[in-house]
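Input: a single structure, listed below in structure tokens.
Note that the chains are named A, B, C, D, E and F in the order they appear, and that numbering of residues resets to 1 at the start of each chain.
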Amino acid sequence: MTLAASVVGASGFAGGELLRLLSAHPEFEVVQATSREYENHTVGSVHPNLRELDLRFTDPTDLDSVDALFTATPHGVSMENVQSYLAAADTLVDLSADFRLGSEAAYDEWYDGHSAPAYLDSATYALPELGRDGLEDADIVASGGCNATATMLALKPLVDAGLLTPEDQIVADLKVGSSEGGAGGGAASSHPERSGVVRPYAPTGHRHEAEIEEQLGLSLSFTVHAVDMVRGAAATCHTFPTGGDGGIETPDLWGAYRDAYEDEPFVRLVAGGSGVYRYPEPKSVAGTNLAEVGFAADGERVVAFAAIDNVMKGAAGQAVHAANIAFGLEETAGLDQQGLHPVGSP
Amino acid sequence: MSEADCVTCGDSVTLPGDVEIGEIVDCGSCGTELEVVGVEPAELDEAPDLAEDWGE
Amino acid sequence: MTLAASVVGASGFAGGELLRLLSAHPEFEVVQATSREYENHTVGSVHPNLRELDLRFTDPTDLDSVDALFTATPHGVSMENVQSYLAAADTLVDLSADFRLGSEAAYDEWYDGHSAPAYLDSATYALPELGRDGLEDADIVASGGCNATATMLALKPLVDAGLLTPEDQIVADLKVGSSEGGAGGGAASSHPERSGVVRPYAPTGHRHEAEIEEQLGLSLSFTVHAVDMVRGAAATCHTFPTGGDGGIETPDLWGAYRDAYEDEPFVRLVAGGSGVYRYPEPKSVAGTNLAEVGFAADGERVVAFAAIDNVMKGAAGQAVHAANIAFGLEETAGLDQQGLHPVGSP
Amino acid sequence: MTLAASVVGASGFAGGELLRLLSAHPEFEVVQATSREYENHTVGSVHPNLRELDLRFTDPTDLDSVDALFTATPHGVSMENVQSYLAAADTLVDLSADFRLGSEAAYDEWYDGHSAPAYLDSATYALPELGRDGLEDADIVASGGCNATATMLALKPLVDAGLLTPEDQIVADLKVGSSEGGAGGGAASSHPERSGVVRPYAPTGHRHEAEIEEQLGLSLSFTVHAVDMVRGAAATCHTFPTGGDGGIETPDLWGAYRDAYEDEPFVRLVAGGSGVYRYPEPKSVAGTNLAEVGFAADGERVVAFAAIDNVMKGAAGQAVHAANIAFGLEETAGLDQQGLHPVGSP
Amino acid sequence: MTLAASVVGASGFAGGELLRLLSAHPEFEVVQATSREYENHTVGSVHPNLRELDLRFTDPTDLDSVDALFTATPHGVSMENVQSYLAAADTLVDLSADFRLGSEAAYDEWYDGHSAPAYLDSATYALPELGRDGLEDADIVASGGCNATATMLALKPLVDAGLLTPEDQIVADLKVGSSEGGAGGGAASSHPERSGVVRPYAPTGHRHEAEIEEQLGLSLSFTVHAVDMVRGAAATCHTFPTGGDGGIETPDLWGAYRDAYEDEPFVRLVAGGSGVYRYPEPKSVAGTNLAEVGFAADGERVVAFAAIDNVMKGAAGQAVHAANIAFGLEETAGLDQQGLHPVGSP
Amino acid sequence: MSEADCVTCGDSVTLPGDVEIGEIVDCGSCGTELEVVGVEPAELDEAPDLAEDWGE
């Protein structure tokens, strides 16, 4: 079986990664890759890693019929075009925030409302580690936000084990790479200004809080820092769980994290141990769909860590993973990229 | 090849065939460095950690 | 007046920075710079920025009499040698942790005890922004820890203003550069392993908590991450202050931070504003003795930020600042280095 | 058919990359991975990208019989042990310089002689783009040096086309990443000293000149600079070819480079064009076995460029490529890793 | 004596550095800093290192009378406005290429002509190490190009000593930081695309060749590579000098370089020696007006190196140095910044 | 304090007062590591270089 797939927003960072994954995927075949700016140019002229791909960008308003349409466009574009996207495809896999929240009210609160609220019910949130329900045969698959993904993967085992309750204090302190800003960028993302930074860019009130609240039932405080890497998001979640009976010890945590993830193909537990790499690190998973997840106990505090490649597990990889499930394919199909060692700042 | 439990995470550690008392292995699951303190049956204890000094 | 000064541990990172500062200082003259490994070699062979300095390393056991002896040695060295150091100098300015805590008991709890506890009473903690009392004419000046310095500078205004109380929850999440590890380094600090990291290296229980508790009367949870820069420490302190009456607003915070620092020559407030640089950033202060300090209000949470150059404000600059006070000099003498823009990852 | 393979020096950078490639290779199965320092430790404790591999390091003096033995040890080790290595394996694939040169005399001139010169005749130089002769069924496969590889790939088309002659002036100016130094490293490779450098580390007389002279019949001047990346070697070869009849124009060069490489699966031509990526760049090929090769004409000068990942095409990937040929496998088996975009400094 | 100075193009990288230098200069006082985009904004909102400066950007068409007007504008602006600039100032110090070449013909050949050729005779080229003649009391001081500066400083001693002749083959291979592109930047200078590069961006025919030919009488081949740093330009000049009598040895080179530079306050010779830093490196001079210059002998080849901070010695520092001479001040006034060690990628 | 000439660059090197035969100093001008091979009068020779291995 070969499934036809197109990518809208294919000249962007998440869109380019979708092309990388889909073009090497055993079950998908790329039909169209859209870009308004680079229409008619080869895909390789924008994404040098794809120079061998014999494919040119096309106009996003002229979509062929496909099995799966992946949209990696800025917030607002896919809600605006959802009708025509669904007309062209059996399944829409959207990487933006446009279908992540469950209700119009949530979009009113966290964003500037929603222009196609009728479609929200057809959408299924797509981080498979949180549950596969509804993904098979979904009309709209809403791929999760990168920072929310890292944070939720770090926290979910504590919730599942009943250690962390909705009342507990949680601070999520994130460190992210420059590719999160997309290919557009602005003055702040020029190399001279963005190099070497530890820069609080969303000190408070990050929109990813909304997703996390809906998915895990937790409310938390978010602070995001830009650091000097291109790919990667690392979440350090400082939690003060009250759900256990008494102090939480390391073996309890191992139990909770194993219970949550032992059958997950894309989660790797890293917590303590020896050598140079003792906790989750983005550079160990760069280019892969893996999430490294770990923890450290500190009296009443449990620090939960997760590290992902924001363009992969945080975007294109997660979307392909969800699409694999939606189409009943092997979950890991096309997602067996290995990490590198040594590796600099990927 | 014998097995013993990791003292940190409880996972079972398969020891290399010719391992001797006093040798260090790491847990394949949590990475803790473990000292072989017994063979037949194999027994493991936490190895003295070479704490890294970050010198600030 | 020219004061004679020597540096023990001058081949290290903090020691090299002391040489940089003291050799250009209007009131100090460098007499000796010690290194066991590089004895007889020029200072410039280790510190390429000091090639013009006509000075060779000498043996640390053979110290001339000076006004001020600066020691930038690993933990344990200055407590072991304090008697001979004080014999050689009127004032000992120690950059290690050996005289930072007030009591032998504290060293028993946080370190492996203290070998010269009788001298602890002669030592004055030296981060001037916390108070100058006792610095003038101190016998031993105990320069603060770099991570503690950043954290305390971020939090102090909240304490002074009565907003933050000892019972309040505080999480300090730090991001630090590789020079914090000193010139020695190990496998983890090799370029291939250390490049591009966001690496939790002290996920819990960092010793700097002790200093902070003694100085500010706060207890807090500390997590330190290595990131890809050489110089710099950035503290993000997530606090939940209960000391105010009701919600804390941005103008209250401006008031508190101005009250605390308006006369401080080395503190720069950065909180919000426009442009690319809206919050404290280590790269803006690299090479200088400045601390950037700022904050953001988020409902019940106040996020307090500070960014310093760990080798300057976090070590050598702070020590020279304290020495200036101890000897009755202009506080800013020799500490007027400017930051750079643009600048990469200094 | 599954071929048994072991790696000596598996805790090093090139050895770790061999494990990455061989463990995912469709035809090889890893039997042993040796390390003296990490004996009995899991491979993942050193190479975090290989945590899923259920393999522990073993002692290099205790080798099982295999089809292929890969040695990624420092210069001198494989010549010392060649007899026992060949006793354990049908084919020895050596990544060091020990079997690259053709004669004992060459080792006397460029190195400190050779301790097993009798085996030099059994060795075949292994950069397949220079020719596959002798690789099939070779006893010893001598994988090329990383800097020589980049340089030769840049120059070979000019030689083949008769443009560049042995008398012509050639300057090869290289920029390389820190992984070239291996996992051992020294003071110069610590993160604080090695970050941000443009450092001439082999200003003259680099040993790779010997290989190039033997393989291409050219003599050239070499200068190698360390720059701030982990993986990557970029060769800029300034040549003044006299072999053509009159001025060399861009179309001539396209002709020459296409002739040389059009059937090569691992060479990508990049020369001019549009967009951000117009000439060979190491970051576009990081993690892959690809070499980007290109050129620019400048009057009497032709600048020839090549960029590779030194750990892949410059070491482990080249070795596996050669082993694929030696064992009659598909040339690209196990070597289909894709590059990334965007990507920082891998 | 206090001299009034203004900076046109003060929101740019070179202009910001001029502000940094002039505001701390003992003899100059900054009157105006122009920016069209940031008119009325504080200087610190663009240059975070200058937050303490009480100065706002003004409109460049409204210039007060000053002693010195520094222009750090893109190519073309100062030739267009030279008349009004000279009306406002006794001395115009231009950092662009507009007055560097001696004749209109040269601008026709290398640029798109010149719109105010009558003023070319009033201009003096301003790299003081090449000669101070004409600088005192110059009307227009034409500060040199950054890449030309590095290259010429490397080569000049060989020319002076008669070793290098106009007929000799010279290849200059440069590695430069992202600040050379100015604050404007484009897609290629975004952080994700520009990080970790070794990118040939001017493979041939760089305009700085023109300057070098005029100043040193040499013709050479230029290739410029972008590497991952913000500040810095490193020139590696591969030369084949025929002017000596026989082989050139290291002591000859020491003689030549000492003769050329022993009285120069801003040149530091670094050639061989021991330790980590053996040849010129940009990171050792970042933030300073120093040039590190060195060499290595290799048979018939002499490799000449120079490393500078492009924003300082390559732009603002060189301009202030020349202005000091033009106004009869101490040459080093305002230019005593020290380099840092350790330092990352400044 | 005695002086001797550097064998690489010819500059004069001022030796520390108590320097002994066999000790290593570097030339303050070119940085070459020099072995003290004589005192009164001071004499210097090139020190055996610890060549850096870059391992490719």
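A few points about this structure:
Keep in mind that, in the parts below, a residue touches a chain if its C-beta (ideal position, glycine included) is under 8 Å from a C-beta of that chain, and two chains touch if they have at least 3 such contacts.
Predicted, not measured: the structure shown is a model, and the values here were computed from it.
Superposing the C-alpha atoms of chain B onto chain F requires a rotation of 180 degrees, rounded to the nearest 5. In this structure chain C contacts its sequence twin chain D using mostly the same residue numbers, the overlap exceeding half. Looking at C-F and A-D side by side, the one with more C-beta contacts is A-D. Rounded to a whole number, the gap between the C-alpha centres of chain A and chain C is 38 angstrom.
Chain A and chain B have Cα centroids lying 36 Å from one another. Annotation for chain C: residues touching 2 or more other chains are 13, 45, 178-179, 181, 183, 187-188, 192, 195-196, 228-230, 276-277, 281, 342-346. Contacts with at least two other chains are made by residues 26, 31 of chain F.
Put simply, chain E touches chain C in their complex at residues 13, 16-17, 20, 24, 41, 45-52, 177-179, 183, 229-231, 268, 270, 273-277, 281, 284, 286-287, 311, 336-346. Residues 13, 178-179, 181, 183, 185, 187, 189-192, 194-196, 228, 230, 344-345 of chain D are the ones that touch chain C when the two sit in their complex.
For chain A in complex with chain C, the residues that touch the partner chain are 169, 171, 173, 175, 187-188, 192-193, 195-200, 203-205, 221, 223, 225, 227-229, 232, 234, 236, 238, 240, 276-283, 296-298, 301, 303, 305, 307, 342-346. Within the complex formed with chain B, the chain D residues making contact are 40-42, 44-45, 54, 56, 58. Within the complex formed with chain A, the chain B residues making contact are 8-11, 26-27, 29-33, 49.
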